[in-house]
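Look for subunit A in each of the two complexes below; its partner is subunit B in the first and subunit C in the second.
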Partner chain A sequence: MSARTQSAPSVRAALYEAPGPRTKRLIAVGTVLSALVVAALVAAVVRQFYVTGQLAPRYWSFLLEWPTWRFLLQGFVGTVEVALTAGAIALVLGLALMLGRTSGPRPVSAACRLVTDFFRGVPSLLLIYFFFLVVPQYGIRMPAFWMLTLPVALAASGVLAEVFRAGVNAVPKGQVEAAYSIGLSRWKTMRLIVLPQAVRYVIPSLIAQLVVVVKDTTVAYVVSYPDLMQNARVLITNYDALLSMYLVVSVVYVLINFAINKASVYVAHRTGVKIIR
Partner chain B sequence: MGLGELLGTYGQNYLDGLLATWSMTAVSFVFVMVLAVLVTVARVSPVAPLRGLGELYVQVFRNIPGVALLILVAYALPQLRLVLPWRTCVIVTVVLLGSAFGSENFMSGINTIGAGQIEAARSIGLTFTQILRHIVIPQALRTTVLPMTNLLIAVMLTTALGSQVPMTPQELTGVVSYVNTRATGGILAFLVSALGYVLTAFVISLVGNRLDKRVRILR
Partner chain C sequence: MAQESTTDKNVPVIELRHVDKHYGDLHVLRDVSLSVARGEVLVVIGPSGSGKSTMCRTINRLETIDSGEILIEGEPLPQEGRELARMRSELGMVFQQFNLFAHKTILENVTLGPREVLGQSKEEAEKYAMELLERVGVASQANKVPAQLSGGQQQRAAIARSLAMRPKAMMFDEPTSALDPEMINEVLDVMVELARGGMTMVVVTHEMNFARRVADRVVFMADGQIVEEGAPDEFFDHPKTQRARDFLDSIKGH
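On to the complex of A and B.
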């Protein structure tokens, strides 16, 4: 949802005049006051941890041991496997849906549009329950990996189809007209002229979408697939340390997704394209 | 199980689920907007600690998985002697997540205005509040109609997190798991809920697009 490609004269900077002495004093007072409020908030939280006994070493010491992190790392590998597989499937499916919608015959186009809107308009949790509860009713047995990967992939494919479509729309119309006028067919125009450019436009957005995929994989515990979150839950029952473990795992997830977002912004900056979400 | 039988037995559950999803979406979105405005104000303020806090808020809640946050709110906070009702837990989670994205929308809305306009406004003698009231806020609001429409849909989809806690009444996703653990509802049990979401999203985006066409600023 953000589109920061160039940070030239920022609006935030332009909003304020160069402060005079009075304003400088006001800002200084505000800075000190708000710093105090923030510090008080942090202190209140730490105090609540202390009062409820959550700072006791038994809740945190296991985090200093290698086996804990080895087990979490195994979970992380599981998360990566699901995220990358789901991402790859969504990439192919999203591209197919977009191509079907933009250059297929009318019934195909309508169907692709319907499918895209459906997967975009349904929560991924509902899709996971579909694969977990509904599919087995038809006698199809699936390993936990696929019960998680397929719904995550389907949910992402709807979004990616729209991302690809935005990329295709960003290619100047004149190029398409030029391609038609030298006698290229619709399909050839798409394949040779439009797609190579469109894909380049959307690479940062595709990277950013990986965040959504990683987030979706955290419900792996529904299907008992050993991902980072599920392994953390196992550790919680072992060590009886709910708060500390969940807090640490949440921070790990935030850092992973933050890194992915940064990578996306970096690529966007390098290639000078906007991030479409 | 046919559609008639399914709706005959569980119709009331689905209806309650739809209403629960709608009401949670509406309540959450109001708080999302209020909090998003506050966070955005903090992020553009000249006070450094506030700016830092705003940025941290957005980075944390943009990147944390919804389930992880819900678990923290619903199961970890009670360890700090802060127990909220299940429904409130879900709404708090959705609001925290949504407001981070809402603030991002507002920020990009502000950033599309361009520093030149603000400089021009200042050079004709408008004060800071006048610049905000006449230049920044109207334009920022008008350019964020479409992103906020998408956010409203995202908020609705995020309320599906409610299926992860024992809430009564359940929302649409919870109903599917409820029905399917009691009977073999088959694909229909899933489709009824899915349609509830898809049709609502369709109506929201229809209204959003209409509104956007009316207020959009052509650049």
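On to the complex of A and C.
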């Protein structure tokens, strides 16, 4: 084994062969052709909107008014609150389920496994209906916020438990044996040696799951919680402006998820630059 | 009683009595009995699959045994919990693949045990860690992570990590087998120095020169059994059993 340097080549670099002159020419032609196709499609769509009158000022002018944006902003804040709370609960619960499953005594392990598989398998919309329709029947009254946040969190926790477990399994056995051999307890070995490495392995999957959480919150209308999507629907009804509103809202969701990606990469770099195996 | 046994020079540091172990149908350790005296350097040698690693790993219970007894300074090896962790902390283990903690710097690797297990302060742990890193010649790498070091440097750092716990004895499982040839000696030199300093050592290795220089005794294992044991020169020059002769021929061959 020779000296390994820190800047190990990425998988991408390994899979991507530097193009030669002929390939470069092909890529150039391909780029131009696809740009043309995309431009043509966009033109066709815009034309269709024009023909059907979707571009008429009355569908768009309300976007120039402050109250519209204030209302959307309130919805945005609602979405962020639900997503952050649900994400935090899911991370903690997912971690707990994974720990219970991998290191708990047999009954605990079996129970955690069952719970994990259940939350992972059931569609989050079904869980939301459960909290919205079934739970109140037992006299438990919950604010809309929690009727949305809890099911979204539970659904995500099942997936996150599996993500964490994959990470833990990816940590080489030798790391655990070395920790035991200097006298670390099982719990300290998990906390100080295994988990920190496991989390670094699964950061991309964690991000992906946070994005899913944000998307799951868009069914807030079921419980009439004023999130971005719900408020957008209200505006759509008020102004009869389906297209413009959906366009604006999709851009906002894309931006939120883009921000999550950027933030996670930043966090990963702050905490995890040291190892790339 | 624990007091007496730790001070008694005649009690072996490590003792295996009639140890048996199976992996399913495979009988990996067959009635293995062995004792290692204080300050003794024992080299274990034998063909691949003969159970050398398994034996080494049973001593700090990284592997369990089916029957027999393992005694550390006359006390039975604890089976679980805090007592087992404490016993492990008193026995150093050096692995073929180094197994340095990949997400921690070399210095953190060496100070982790003293701080988390022995409860030393950061300053205290770092001071001794730097001494040890100096001694094994990787002090200048203290703030790098393992992946930035050569194999030889990693293995020397791993030895320092074990030494930081001030162990009663150390086990080495083929510590140089994963190394490029030019790095083998830098690791063996550290081990020779340890042996000369009076450390009790069990070393699984095929490095005959090392064995001749520092071993007090060589144990030859085959098929899970101790087939032959003796002083190194006697064993290497005049092996008594056919199995040992065949094996020595095969490793001298290359």
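Just so it is clear, the second predicted complex is superposed on the first by the 214 of 277 C-alpha atoms of A that agree within 3 Å, B and C clash if a C-alpha of one lies under 4 Å from a C-alpha of the other, contacts with A are read in each partner's own complex, and residues count from 1 in each chain.
Definition applied: contacts are C-beta pairs under 8 Å (C-beta built on N, C-alpha and C of every residue); 3 or more make two chains touch, one makes a residue touch a chain.
As the structure is a prediction and not an experimental result, all values here were calculated from the model.
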Of subunit B and subunit C, the chain that contacts the larger number of subunit A residues: B
Contacts of A:Tyr246 with subunit B and subunit C, given as first, second, both or neither: first
Touching partner for A:Ser181 - first (subunit B), second (subunit C), both, neither: second
Which of subunit B and subunit C A:Gly121 touches, first, second, both or neither: first
First, second, both or neither for A:Ala35, with subunit B first and subunit C second: first
Overlap of subunit C and subunit B interfaces on subunit A (superposed complexes): 1-4, 8
Touching residues on subunit C, where the partner in the complex is subunit A: 60, 62, 82, 85-86, 88-93, 95, 97, 99-103, 105, 112-113, 116-117, 145, 147-151, 158, 161-162, 165, 178-180
Touching residues (chain side subunit A, partner subunit C) in the complex: 1-6, 8, 172, 174-175, 177-185, 188, 192-193, 196-197, 200, 272, 274-277
Contacting residues of subunit A [partner subunit B, same complex]: 1-4, 8-17, 19, 27, 30-31, 34-35, 38, 48-49, 51-52, 54, 117-118, 120-126, 129-130, 133-134, 137-138, 211, 214-216, 218-219, 229, 242-243, 246-247, 249-250, 253-258, 261
Parts of subunit B lying in touch with subunit A, wherever the complex brings them together: 43-50, 53, 59-60, 62-69, 71-72, 75-76, 79-82, 101, 104-105, 107-108, 110-111, 113-115, 118-119, 122, 128, 131, 136, 147, 150-151, 153, 157-158, 160-161, 163-164, 172-173, 176-177, 180-181, 184-187, 189-190, 193-194, 197-198, 201-202
